[in-house]
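Here come two complexes built around chain A, the first alongside chain B, the second alongside chain C.
Let's turn to the complex of A and B:
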């Protein structure tokens, strides 16, 4: 393979990897706090993809405004889901497995809702960027993908700052390491969990918008979350940095593997590699072993 | 105690024989004539299913308004099979055994057709569909030797050109009218329809002495094809064949456009509307085969009829619904019976059935239409135009 194509493939992979990283972090954030795999994140992604479409196509053809509105809508959707579906279970002290079951149900509910109501039509975002290819020497970069990568970097950087430096970030980390002690110290755990879901939902909203813009919106767009979950596992559940590195790596690996061995064998190699990785290093790339694996 | 057991046994025997009697096929000679239909009304290909339903209902409405068939009204029994082969088999079995329909109008998804076809051979209620994979109508079809004589499934019929025939139309047009000689293709390996179009394309191109320089696959859930397209770009082929479903085709051309590919896009019949809305101007310069050209003056009557009924323009598969249900009703009329076996015989002998897509002559050896020409359409920006109204490719 010549160097140009190799570089081009890595570039293709990394730009999509940015979105994988967004999903991995949105997913991992909740895993960190409540110690369960929140599959409803895929539902938030799907919902946001549709919200972004309707806002940009019917309300205002402005990228920035509709993008921000969708991000907030995603956040509110996640908070609502937590309130309606997860909080009652958590309050009653049911096992974590109930949370997982409910999160899967929510994801399926959203998917089926859109399949029945809007599934018979195709939805495409307005064209925000006219000439989509950018030529850098011999490389061709898609402007949409570049935008995706840029947004992912800014958002994840911002989130990382919030989690590490701000009061609410410290509270989220405190609740993550022990859910019952902070409340003894006057921390409103319910509120902190709501905020964590809001952050996660904002990431889901952004993911949905970017996927909808780059591809065509359909009820199954949220199933891309699987890639995010994989990245999250590789990165070490719950670690932001790990999720980012793993997302980018997964994107690049996928791109190179598809080009070299084909799309059919690629998942086999990737899943196989993940099993091996987890056998050697169960904590993932950057994480520490989470107390509850689910 | 013994007596109770005996009594129960006797009861079981009686019940058993009663259910046996009711299980033998009965042809209802009164009441409405039931025509079955399974289609994807939800899931990824729901637009095709709902459009097919609209066409089918329009046809039945018209027939019923004219007094029905053999003095009986026609009733459509419809189930959603959600783009799932398992659901399709369930729906077909229900139509054949419980609803006791005379014939079934099947979903146009090849994967579902491949699952239903062997079941239909056993249940013996004929299926008419647009599923193009040759193996649905002729199970022993060999893609490396497509002309070898084989037996059809007696109970499965196709009402449009098959995968190999459609692939030959676009490949033939590219070679003879557009002067192309090197080709690459990108298709969904998990979709029987896309896979057999790809096999047919490659077969025709190679037979004509032209060259396939690259064959690339993707998986059903994939939306990003940049890895494959980057490789395809380096191959510098004249034409790139993209024979998948609408969203996949649209994603592929958008990404090809973003990567600056210069090959001419060659499509399948899924490039028809709404591809113009979904892909937009990224599809510019593409050619693809289609059963109809919307500017064909001879089919404008259907546009008016459909517009009057539904207040919208008909899309591709509303034509299929109209034609396929019409074909089924014609066979029932010819058979003079709703007995599925007699209807099947009438279908096998159908010649010169006038459909919107053209005159359908069923070949009894393959259960597919023979000599049906297709239109070749093209994209200019996001507008679809007609390149050839009726095109028949050269024999390979």
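Let's turn to the complex of A and C:
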């Protein structure tokens, strides 16, 4: 394999890796705050992919407007799910396992709902960008992929700033490290959790839009969340930077492996590698280990 | 004939749910990879019988053994970590097994699946298995081991403080669970007579967990009832069959929020309890 092809594969992989990173961070944010695996994130991604499609196809074919609307819709969807499904459980003080079951159920609900109503068709977004490829020397970059990478970078950079510097970001971090104490300091924990879900949902909305734009929309697009979850594990659950690095690595590794050993064997190698990684270094790249606290 | 078929399918799935009950209901381990064990069991038995000419009982035994071994191998790295890792890795496992079954098309027939097994599993064997497995599960629940598992489910840290070897218990439970699930898969292969890699995806695994919760974590009877209702539902109400999973999801969310103990609230339907109920307690 010559250098050119290698570089080309890595470039393609990284662009897709940007979307994996978005998913990993959206998933990890809730994991950090409420300490459970939020599978309903996959549902938000699916829902947003459809919303993005209907907005851009039937309302107005403008990329920027529909993109922003979809992101907000994703955020609102996540907040609604939190209100309806997670909050009652949290209020009553049930164990975390109930949250997991409900999140799996919501993921199933969304997937099956769209499978029943719109599952018989594939939906394609309108073409926003006419010339699809960009040439850089010997390398070819698809403009959509470049856009995906750019958007992922901007969004994740913005989120990182918000989490680190703003008041609400500090509140989210405080609630992440201890869910009961901040309320004694006058932090409205329910509100902070809603905001965390909103951020996570916005990431999910953007993910859904980008995935829908790059591929086609079908009810099972939410299953791509598996890639985000893997990136989240590799990165060390809940670390933003770890998730980003892992997402990019996963994307690059995936496209290299597909080029080298074929698409059939790639998932076997990747999933096998995850199990080995957990055996050697369970804390992931970022080195944050999530333990059960008393 | 139709009702017989419905009963067969429902009972097959009930075996799978019972396998999950031990793990999720009793020990609080979530696995989204039980579908992988169903596939492993089904394919092991089918391949052993079809390609290597193993007699049927040996094929069944092989499926159980391979299932337990795979459970052991997956359990080692993941059960030491917190529960979410186990959940996520078993999720990966199910995708990995699916990809592997597609890839090894020489042996498994790839996407075309496997067919042509003789029908060796009828209703008596399935119902007999349910009785035996229910008995095993119930005995385990009542034993010291089972109580330890319940302690682990309710508070892992406290359980380990009381001297329970949490890791060893989890591995044992996961192995037993995987073995039962693989056994269910093997029965499936020789009853339905057609298997393919996409038969048991994560959604099927998720449903097994969800049904366990609807039935109630503390009630084997509740779990069996919930599973029977769910899996026979689609056969009797064909006109809304496609909405079945959506309906299930809504019901589950409501049950978990308003009736977290499950349908029977942890009640076991034992002869003594029933008699007491008839006498008005």
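The rule we apply is simple: the second predicted complex is superposed on the first by the 290 of 294 C-alpha atoms of A that agree within 3 Å, B and C clash if a C-alpha of one lies under 4 Å from a C-alpha of the other, contacts with A are read in each partner's own complex, and residues count from 1 in each chain.
Convention: contacts are C-beta pairs under 8 Å (C-beta built on N, C-alpha and C of every residue); 3 or more make two chains touch, one makes a residue touch a chain.
The structure displayed is predicted, hence computed values, not measured ones.
Enquirer: So, A:16: does it touch chain B (first), chain C (second), both, or neither?
Expert: So A:16 only meets chain B here.
Enquirer: Using the superposition on chain A described above, determine whether A:218 touches chain B (first), chain C (second), both, or neither.
Expert: first
Enquirer: If you stack the two complexes on chain A, which partner ends up touching A:31: first (chain B), second (chain C), both, or neither?
Expert: Touch partner of A:31: chain C, not chain B.
Enquirer: Quick check for you: in the superposed arrangement, does A:64 touch first (chain B), second (chain C), both or neither?
Expert: A:64: touches no partner chain.
Enquirer: Please indicate which partner A:264 is in contact with in the superposed arrangement: first for chain B, second for chain C, both, or neither.
Expert: A:264 contacts both chain B and chain C.
Enquirer: After lining up the shared chain so the two structures overlap, which partner does A:136 touch, if you call chain B first and chain C second: first, second, both or neither?
Expert: Neither: A:136 stays clear of chain B and chain C.
Enquirer: In the overlay, answer first, second, both or neither for which of chain B and chain C A:116 touches.
Expert: The answer is both, since A:116 touches chain B and chain C.
Enquirer: A:254 in the overlay: touching chain B, chain C, both, or neither? Say first, second, both or neither.
Expert: First partner only.
Enquirer: Indicate the residue numbers of chain A shared between its chain B interface and its chain C interface, in ascending order.
Expert: 112, 116, 223, 264, 267
Enquirer: Note which residues of chain C are touching chain A in the complex, please.
Expert: Its residues touching chain A are 28, 30, 32, 74, 76-78, 80-85, 87-89, 91-93, 95-96, 99-100, 102-103, 154, 156-157, 202-203, 206-207, 209-210, 213, 242-243, 245-246, 248-250, 252-253, 256-257, 260.
Enquirer: Across the complex, what residues on chain A touch chain B?
Expert: Listed in rising order, the residues are 5, 8-9, 12-13, 16, 112, 115-116, 119-122, 124, 127, 132-133, 135, 140, 142-145, 211, 215-216, 218-221, 223-224, 254-256, 258-259, 262-264, 267.
Enquirer: Spell out the residues on chain B that touch chain A in their complex, using ranges where they run on.
Expert: Touching chain A from chain B are residues 41-44, 46-47, 49-50, 82, 189, 216-219, 221-224, 226-228, 230-231, 233-234, 246-247, 250-251, 254-255, 257-260, 274, 277-278, 280.
Enquirer: Quick check on the complex: what are the chain A residues that touch chain C?
Expert: 31, 36-37, 84-85, 88-89, 92, 94-95, 97-98, 100-102, 104-109, 111-113, 116, 223, 226, 229-230, 233, 237, 264-265, 267-268, 271-272, 274-276, 278-279, 282, 290-292, 294
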